[in-house]
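Common to both upcoming complexes is chain A, partnered first by chain B, then by chain C.
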Partner chain A sequence: MDLFLQYLANGVVVGSSYVLVAVGLTLIFGILHVVNFAHGEFYMLGGYAGITASTAFGLPLPASLAVVAAVSCLLGLGAEALLHRGLKNQDQTSSIIASFGLAVALQNAVMVTMGPQPELMHTELAYKAIELGPVFLPAPRALIPPAMLIIVGALFAALRWTWTGRSLRAMAQHETVARLCGVKVRRVAVITFMLGATLAGVAGFMMSAVYMVHPLVGNMIVLKAFIVVIIGGMGSPLGAAAAGLLLGVIESMTSAYLTNGLRDVVGFLLVIAVLLFRPQGLFGRSLERS
Partner chain B sequence: MTNFSRRTVLAMTGAALATPSLLRAQSGGTVKIGAMLPLSGPASIEGHQVLKGVEFAIKQANAAGGVFGKPVELAIEDDEANSTRGVTAVRKLIESENVPFIVGTYPTAVVVAANKVSKEYGVPMLSGGSTGAAGTEANTPGDPWFFRCWPDSNGQGHDTAMAIVNTFGAKKVAIIHDSSNYGTTLAAQVTRIVSDAGGEIVSNDSFNVGEADFSTMLTRIRTLKPDAVYIGGWAGDGATIVRQAAGVGLRTQFVGSGSMVSDDFIKLAGPASEGFAVATLYEPSTPNEKGKAFGEAFEAEYGHSAGTLNALGYDSTSIGIEALRRAGESDGRKVQEVLNNGMADFPIAMGPAGTTADYNEIGSVDFKNFIAVIKDGKRTLSGA
Partner chain C sequence: MLKLENVVAGYGRTRILHGLSLEVPRGGLVALLGGNGTGKSTCLKAIAGLVTPQDGTVALDGRVINDVAAEDRTAMGLSLVPQGKEIFGGMSVAENLMMGAYHRRRDKAGVAADLEGVYTRFPRLKERRRVLAGMLSGGERQMLSIGRALMSRPTMLLLDEPSAALAPRVVEEIAEAILSLRDLGLTLLLVEQNVGMALEVADYLYVIRGGRIAFERAVDDGVGMDELRDFYLSGAH
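Let's look at the complex of A and B:
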């Protein structure tokens, strides 16, 4: 039982990081209908920006966080111009392919400037730990679930109660009607991308104290994020949050009670099952077109 | 024309191009040798380290008067760790630079592709870091054209497994490996040898290259109380595992595959790397005299201590230059004959004291790997 709780805690930590990346991905899809395969690179660049700011320039953590947010916003701005503004009048496959291209370009740009070796953020926190009964977590890991709750909570509050949030939701429901009601579509698109990139970038930054960052780290992260988004229902941020935690816990239990080799298999099996039997996702609503 | 295979046409073109230029090279002011390494792309870090060793060997040879009374000049090509680029690079080195031998390259897949071409041209290759058994297994026994002056990855796996059982006296061993060919092959080999030697394999886990979180798997392994944990995979993943193992309180003897021999591994794993053991071909503190001399000279020149990749670049290049000198002329076929039969007295920097370039019939020099243990953030040879 003690071990079970430890496995559960591990799963929640990993799941929380999935949530942060997947929520941004599902926002961009839900609001703008852009399938962004370069989302893992937002995570990767957030990690590099944070490590560079805190290690190379010696900035304290809050200042590094601001740097990460700024870099991510710029990245979101650029990605929006390319994947949404530039291609929105074309077939959706154009932006999917373009996002693949963007991912490869960003990976190689980082490979050339930072080199292929993995990096890790060194903090004093690494030597502290938190014990809750039988559960033992090093501090950088223990901080991830509460940070996720705060960030995602703030996001939901903003979506619910601010005018910007309302216009984002309006866009998600119907672009033309939103435009008729006076929503500035272009502004919403830019904000969505900046938000998505910042969520992923902050996740990358927080995780860089726990996991290593290297130029190709985004490949696996984006796949996990897609699993989460599909299980949770494409375009549903709440679904992504629930599915992210679920995936983290399922993976941890698979590794604990079956074998680690099956860990990544289970997630994809779940995706296939969801697509076959509940294509709108576990938490999505099915839309009947009239 | 359709009767000619592409290979024949290539060989004829090569011969036609090479014959006049071979004559020209003899009368030039320098003696050219070739190197082909991944200087960009995924293996570029390794490629540049090997290149340092190559350049250092040439510098030493030139300080000693060069070859045939002329200075040695390096013609270098970048293969980007890509087989297609590797084949082009070999052609360019042979056809336009007409080098008598090529030091290269790092990825074994590129070696196998490129060596087919260089063999047709009659130019031998000396490994620039490739350790996969496939490189020398592709040779015709008795007539190798690819020479590697250190044991292949099977030898490394064997020596590591024996160290787990003998040096560390482990009875219960847990195996963790990545799902690549490299990790899977090594894990299977270690499993077999440890079991044969009477050890018990308590768990066997695989992971995908680049996987981020091992905490659950390591927590489970902790409950099995293994005497040793073997990790087969790349350095980045190995460092992550060792760090996270410390985080979940799994304290035991960790033993890694050869890729974890770099200083980067120690930097990434941090204090958790203390006590970690890995097989290595070369350390500056080696009991091998030639290796010690090389290590001191290298450090004086570059200001940092020499690593395995520097040492193997240095050895392959100095063997090639000496074979060229013994062959008497800049002719690839003659150099290959000397490499094959006439170098058994030439000492090399890697391996135990007294190791020489005594290639076996498939072009490999088999010696026992050192086992290094990380102590105070530095690899130290156990028993040396």
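Let's look at the complex of A and C:
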């Protein structure tokens, strides 16, 4: 039982990073109908930006976080111009292929500038730990779930109760009527991409103190995020949040009680099952009804 | 107030309007009639900025607005109630109405006052203000769509078949709402399939055929149903 709780905690930590990545991915899909395969690179670059700021420049963590957010916003701005505005009049396949291209370009850019060797963020926090009964978590891990809850909670509150949030939901539900209300597509698109990139970038930043970051880390992350988005119901932020935690926990349990080799496979099996038996997702309640 | 001159517009390579001209005077209630698929909605979309004319001009208060984006025309006082009772199905009735005031969201007091105004006009919406708009009946959806348009404080309202697929009692309600809006000083352009209703409320009439205006007359000058029927039946477009 004690070990089970430890595995559960480990799963929630990793799952929290999935939530951050997947919520942004599902927003970009739900609001702009862009399938963004470069989303894993938002995570990867968040990790590198954070490591550079904190390790190379010795900035304190809050300042590093601000750097990560700034880099992510710029990245979101560029990605929007390329994948959304630039391809607005093309069909969806174009943006899918373009996002693949963007992913590869970003991977290689980082490979050239940072080198292929994996990096870990070193912080003072690593020497602290939190013990909750039988559960033991080093501080960099323990901070991830509460940080995720704060960020995602703030995001959902903003979507629900602010004019900007309302305009994003309006655009997801009915673009034409939203435009007739005076909502500018471009503004919504930029905000959505910036949000998505920042959520993923912050996840990559926080996780870079837990797992090594390398230029190709986004490949696996984006696949995980798509698994989460499908399980949660395409375009449903709440579903992605629930499914992200679920996937993290299931992976952790699989690795603990079955075999570690199945850890990265179990999610795909889950997706196949969901697509077969409940294609709208386990928690399907998309932006269109939120 | 609104003037279209030789507007040519369509979708991609398909041209639907072949040089359409019409005029709506300030405070007027003008009806635009025509058979199915003749381009009535396309005409309203050209006025609202959802389709861009390839030729000709759309002018509001003497200013050509061809290049103004749909998003910006709301703030100029133009508001379209689109065909099909389109609303935000996943938002509450109150949120739908709020969205109508998006372009003047900083005016908190004004938005709150206008919300009460819409509730007074359509008490059904007040009763159902917390309900998801997707759950509303057809009549309620139409009221919500009109209410949403009014929340932008328009000077000119474009209505696309507001009476379609509604029970006669509800059509009567909508017609009364339209007349009361006219009495408030709003300028209205009404597209209708329901000729009876259009003749009842409008003061001027256009009939569109083949992407052009084929007939126009002040309603007071008398318009025979037979005369109109000719335009519908003989009308290949």
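Everything below uses one rule, namely that the second predicted complex is superposed on the first by the 284 of 290 C-alpha atoms of A that agree within 3 Å, B and C clash if a C-alpha of one lies under 4 Å from a C-alpha of the other, contacts with A are read in each partner's own complex, and residues count from 1 in each chain.
Everything that follows uses one rule, which is that a contact is a pair of C-beta atoms (placed from the backbone, for glycine too) under 8 Å apart; a residue touches a chain by one contact, two chains touch by 3 or more.
Bear in mind the structure is a predicted one, so any value in this text is a computation, not a measurement.
Residue by residue along chain A, chain B and chain C are tallied for touches, and B comes out ahead. Of the two partner chains placed by superposition, only chain B is touched by A:Pro138; chain C is not. Judged by the touch definition given at the top, the superposed model places A:Gln92 against neither chain B nor chain C. Of the two partner chains placed around the shared chain by superposition, chain B is the only one that A:Val14 touches, whereas chain C remains out of contact.
Residue ranges on chain A touching chain B, taken from their complex, read 3, 6-7, 10-11, 13-14, 115-118, 120, 122, 136, 138, 141, 207, 210-212, 214, 216-217, 219-220, 251-253, 255-256, 259-261, 263-264. Chain contact summary for the complex, chain C toward chain A: residues 48, 50, 69-72, 74-75, 79-80, 82, 86-91, 95, 98-100, 102-103, 105, 132, 134, 148-149, 152. Listing the residues of chain A that touch chain C in their complex gives 163, 166-167, 169-170, 173-174, 176-185, 286-290.
Within the complex, the chain B residues that touch chain A are 42, 44-45, 176, 179, 205-208, 210-217, 219-220, 223, 236, 239-240, 247-249, 264, 268, 270.
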